[in-house]
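Each structure below is given as C-alpha cells.
One chain, chain A, appears in both complexes that follow, with chain B as partner in the first and chain C in the second.
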Partner chain A sequence: MSVKLIGRTTNLYGKTLWEILGNLRTTGVGRLVTRNSYDRYEEPSFFRVLSVEPTAQIEDKARKIIVHAEKIFRGKHYKEPVEIYSVSYKPDYRLIPKDEEQLWWDRLANCKPREKFVPGSIELPPLMKLVLERDNKDSNIKLQLKIRGGRDNVAKSDITKIASYGPSFFKNQQSS
Partner chain B sequence: MFALKKSLTTLAGRRLRGTRAFLTEAYRCEDVWQERLDCSLLKKVQPEVLYHKLSTALEQGSKQISAVDLDVFANSLTDHTYLEELEELAHKFRLSAQTGTLLPSTHHAVVRLFVASNSTNDLIRILKDRLNYGIFPDYYLCNLLMDRFIKENDVLNAAVIASNQMLQEELDNDITKAMGLYSCLKFITNPTEWEKAKVVTEQTNDDDDDEEDRRVRVDFLRNPYFDDHFDLADGDHLVGKTMLAISRKIDSSILGNSFKTLGLAYYNRWNDLNAHLKKLDGSVYLETIELAVTAIDKRAPENAEQLKDTLAKLQIENKSLTEESKNFVNEAVSKNEEKEIQTQKAIYKEWESFRREELSRYLEHLNKLKRLQKVQQAKQDLKEKEQLLFFFDNEHKHDLVKEEKLKRMKKTVVKDKSLKDDLTYVPPEIRKPGFRRD
Partner chain C sequence: MQNLCKVELLYGKLLCKTKAINQQPVRYTRKPRWLPKAPTKMFRVPVRPQISPDENKELFRLYTNYRTTMKSIQEQLEYELETSYTGQEVLQEIANKEEVLWAKCMDVNDNWNAEVATEREQRLAKEREDRREEILAQLIEKEEDKKKKLEAVEEIIRLEKEKSKTYITVENIDEAIEKALDNVVDHKYALDLAGNIFKGNDPNEPTTGTMSFQTLGVQSIN
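== the complex of A and B ==
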C-alpha cells in the first residue's frame, strides 16, 4: 500500500536543522550551516553553531530545536549571536563540509560590503501638483524621504537624487 | 625457550585464522572499565526496578528522565538480559527534550554492552540510526569496534563504522584513519550486500499493491532533496567517500594516491577521477587499478573506456595495497596505542567521579524543586485560609470580582451565538499580498 502525502507545497529544499545537527556527535557545535534559500544572494550567508538545545519530538512532526549561532548574513557578521527556534523545522538547511569551511570564511573576508543609494527626496504627487499649479502656488516643493531602520537595511540616502512618480513607481506598490 | 615456543604457536594460530587483530588486549582497558562496578552506587542498582521506574517516568507525568539515571542504568548492566530495555530507554530518551545532556560514558556503556553480548547487528542498527538513538562512538570506540570486526572477518561492519566516522567528518586520529582505510579496502575486495533488510521490505510492498492509496495529511510537502552526505545509502558510495576523505588526510603519497583513485571510482565521481588521473604523477599500488576497473565496470559511466585507458597507463609500485595498508595500520597502532590507552584510562577514572558528582547535583536539584513545591503549597493554603477568615471584611471586593467574571462569561456566550446565527455573514475577500496591478 503506497502512501500519498497531501499538504501545502513550498519552495524550500534541504534538511531541517535537527536532521543535520542530530546526526552529528556533540550536536555539531562549531560547525557551519547555511540555508539553501540564502543561495540567492551572492554574498556569503551562514551560521556557526554555538549551542544546541533540542525540544521534545512530537509524533511525526519535524522536530524543532533551539540553536544559538553566530550569524553571517550577506557578508555582514552580526555582533550578537542569534537564536534559531521557530524556523528550525524548515527543510531549508545544509551542512557545510569541514574542508569547505575555510572557503566560506575566505569568501566572507573578501566580500565587499553592500552599498545601496536611494533618492533623498521625492516630488509632489501628480494631482497635488496640478492643484497647486491651478491655484498659482509654488508646486516645486520636494518631500523628504526617510529610510526605514532595519538590521539588514544598508540603504543610504543620496540627496542629489530626486525620485519621481513615473509609471515604475506604482509597479512595486502592494495593493492594499 | 618456552616463551619462544609459545610465541611461535600463537603466530601459527594467528596465521590459521587468516586475520588478526591490530590492537593489543591492553587497548580494550577492560580492567579499568570493569572497575566502575566497584563503585557503591552501581552495586546497589537493581536493573529491573530502575528500568521500571524510568519507563513509567517516561510514559507518565513529566515524560522525561535525567541523563544521569540513564547513565547509571546503562553502566550497571553487565550481560545481555536487559539489552532490549536499554535500547528502548535510549530511544525514548533521544526523543525527549533532555537528549542534549547525554553523558559521554553512556555511549561507551551502550556500545561495550552490545559488543560484550555479541549483538553486532543490533549495535550496527543503533549506530546507523543516529537520529533515533543518538549513540555516537568516539575515536577510541571506533578503533575498538573496527579492530574487533576485522578480527572476526566482519569487514562489512568495520566499513560501516569507518563510513559513520566519515559522515561525522572526524578523521584526525591516526589509528582510526588507518583502520578505516584497511576496512574499506577489505570491503571492496570482497563486497557484500550493504543493507540486508531492503529485500524484505520490497516483498511486502508487492503484496499490498492492489489496495487503494492511503492518503496522509501533512502540513507541508517536502521537496525531494539529496544532500550527498547523510542521505548516502549505497555501500559503494559510502565506502568511496570514506576512502576519499581519509586519503586527503594522510601524508604517504603512494598510499594516498591509490586510495584517492579508489575513492573517486567507488564514489562514482567520474569527472573528478578523470581530472585526478590526468594530474597524477606519482605511482599507485598493485591492486588499485584492478579494483578501480571493477568499480567502473559495475556502474559503466559514459567515459568508461577513456578512464580505463588512463588507468592502464598509471605507474605501478610493485607492492600489494593490502599489505601496505596493513603496515600502515600497524605503524599507526605502534605509534599511538600506548598514549591512547593512558588517556582512555584517565578518562574512565574521571567519569567515575563525574557520575557521582552529576548524581548528587541532580538529587540536589530534585530536593530544591520539592522544597519549592512545599513552599508554594503552604502559600496557597494560607491564602485560602485568609479568604475564609476575613470573608466578611472583604465582601465588597469579592462581589466586584464576581461581577467581572459574570460579565466575561456573558460576553463569550453572546459572541458564540451571533456568529452561528448570522446567516448574512460573508467572509471578507482575502487578496494575496504582493498582488500587482499593472
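== the complex of A and C ==
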C-alpha cells in the first residue's frame, strides 16, 4: 500500500526523541543521536545521551521528554551538557548505530575547527564624511565593527583589515 | 482601517478643513483573526515558497553586514553627540551667539521705544495745548454768563427800586388810607349769560359793559 501524503510539506523527517529512546534498553543512555537537519553541515553534529526523563503524554500529540545530553555542534564539543525539552517532539532525530559510533568520534577528532576573520573597522560613509568635514572635525577616523558574541559565532575581527564602504564590502573576506 | 478613516475625517473637521486630504475609504481586506478558516479555504494547501539557497545566503550576508555597519555608525553618532554636548567651547559659543542675538533684539527694541516716545511727546503736547484752549474758552464763556446774570439781576433790582416808590410805608400810610377810602371798589357784582355785569342791588340796570364768555371762562348751565 502506497502512502499518499496530503497537506503542507515539511523539512523534518525521522523520528521523535521518545520514539527512539523509549524503545532502547535503559532508555538509550550513552547512545548517540543526531538530527537530520544537521546534515547540512560538513562538520559532525550529534548528541550523547546522559539522562532521559519522560513527561506526560498529551492526547495524540508527540510526546515531549527531557533529555540531558552532551552536544557536539559543527565539530565543537560543548563544555556543559545541554537540556533538550522544547524541541524533543520534532520528528527530526536519528539514532546512530553502535557500529558507526566510533566513526563519528573519529570524524570529530579529524575535523579542523572553523575559522572566520572579518574586518575590524570600516571607512566612514560618504555623507557622514562630508558632514564631519563641514563641522571641522576629524574625518580620517575608521568606524569600529563589533562582533556579536554568541555560542556558535566563530567570527574573529582582523584589526589589520579595513572594509571599504560599498554594497559588497567584505564579500571576499567572509567566504572562508 | 475604517477607524483610521474616521479619525482622519474627525481631525479634518476639527482643523476646519474643507476636505480631508488623505481621505480614502477602505473596506475590510481580511476577516478578523478570531474567526475560523473560511469553508472554501478549508482544504487549500498553500504553495511552499521556493527560496534558492544562493539567494538566501547572499541576503543573510547583506543583512548581517548592514546591521553591523549600522551599529558602528550609530555608536559614532552617539559619541559625537556626547562630545558636542560636553564641550565647554561649544557651550560658550552658543552662549555668545545668544548674547549677540539678545543685544540685537534689545537695540531694535530701544529704537522702537525712542520712536514711540517722540510720537507720544508730540501727541501729549498737542493734547495739552488743546486742553488749555478749551479751558480758556470755557472760562470766557463762564465770565460772560456771569456778566449776563449780573445784568439781569441788576435790571430786576432797578425795576424793584422803581416799584418801591409806590410802596405804602409808615410815612405815607395815612395818604394811602385816605386814597383807599376815597376810591371804594365794589367787587360784589352779578353776571348774566350775556356777560353783563350788574353792580349794586338792582339787577335791571347794567352799570358796565358786557363781557365775553370766552374771556371769563363761564360755562352756561343749560
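Worth pointing out:
To be clear about the criterion, the second predicted complex is superposed on the first by the 151 of 176 C-alpha atoms of A that agree within 3 Å, B and C clash if a C-alpha of one lies under 4 Å from a C-alpha of the other, contacts with A are read in each partner's own complex, and residues count from 1 in each chain.
Following the convention adopted for this analysis, contacts are C-beta pairs under 8 Å (C-beta built on N, C-alpha and C of every residue); 3 or more make two chains touch, one makes a residue touch a chain.
Quick caveat: nothing in here was measured; it's all calculated off a predicted structure.
In the superposition on chain A, contact of A:128 is made with chain C only, not with chain B. By the document's definition of touching, of the two partners only chain B reaches A:91; chain C does not. By the touch criterion defined above, A:143 lies against chain C but remains apart from chain B after alignment on the C-alpha atoms of chain A. In the superposition on chain A, A:12 makes contact with chain B only, while chain C stays out of contact range. Shared interface residues of chain A, touching chain B in one complex and chain C in the other, are 6-9, 170-171, 174. Across the complex, chain A is touched by residues 45-46, 48, 61, 65, 68-69, 71-73, 75-76, 80 of chain C.
Partner chain A is touched in their complex by these residues of chain B: 63-64, 95-97, 99-100, 130-131, 134, 136, 138, 167-170, 208-209, 211-225, 227, 229-230, 248, 431, 433-438. Against chain C, in their complex, chain A makes its touches with residues 6-9, 122, 125, 128, 137, 141, 143-147, 165, 169-171, 174.
Only residues 1-15, 18-20, 22-25, 27, 52-57, 61, 91, 94-95, 97-99, 170-171, 174-175 of chain A touch chain B when the two sit together in their complex.
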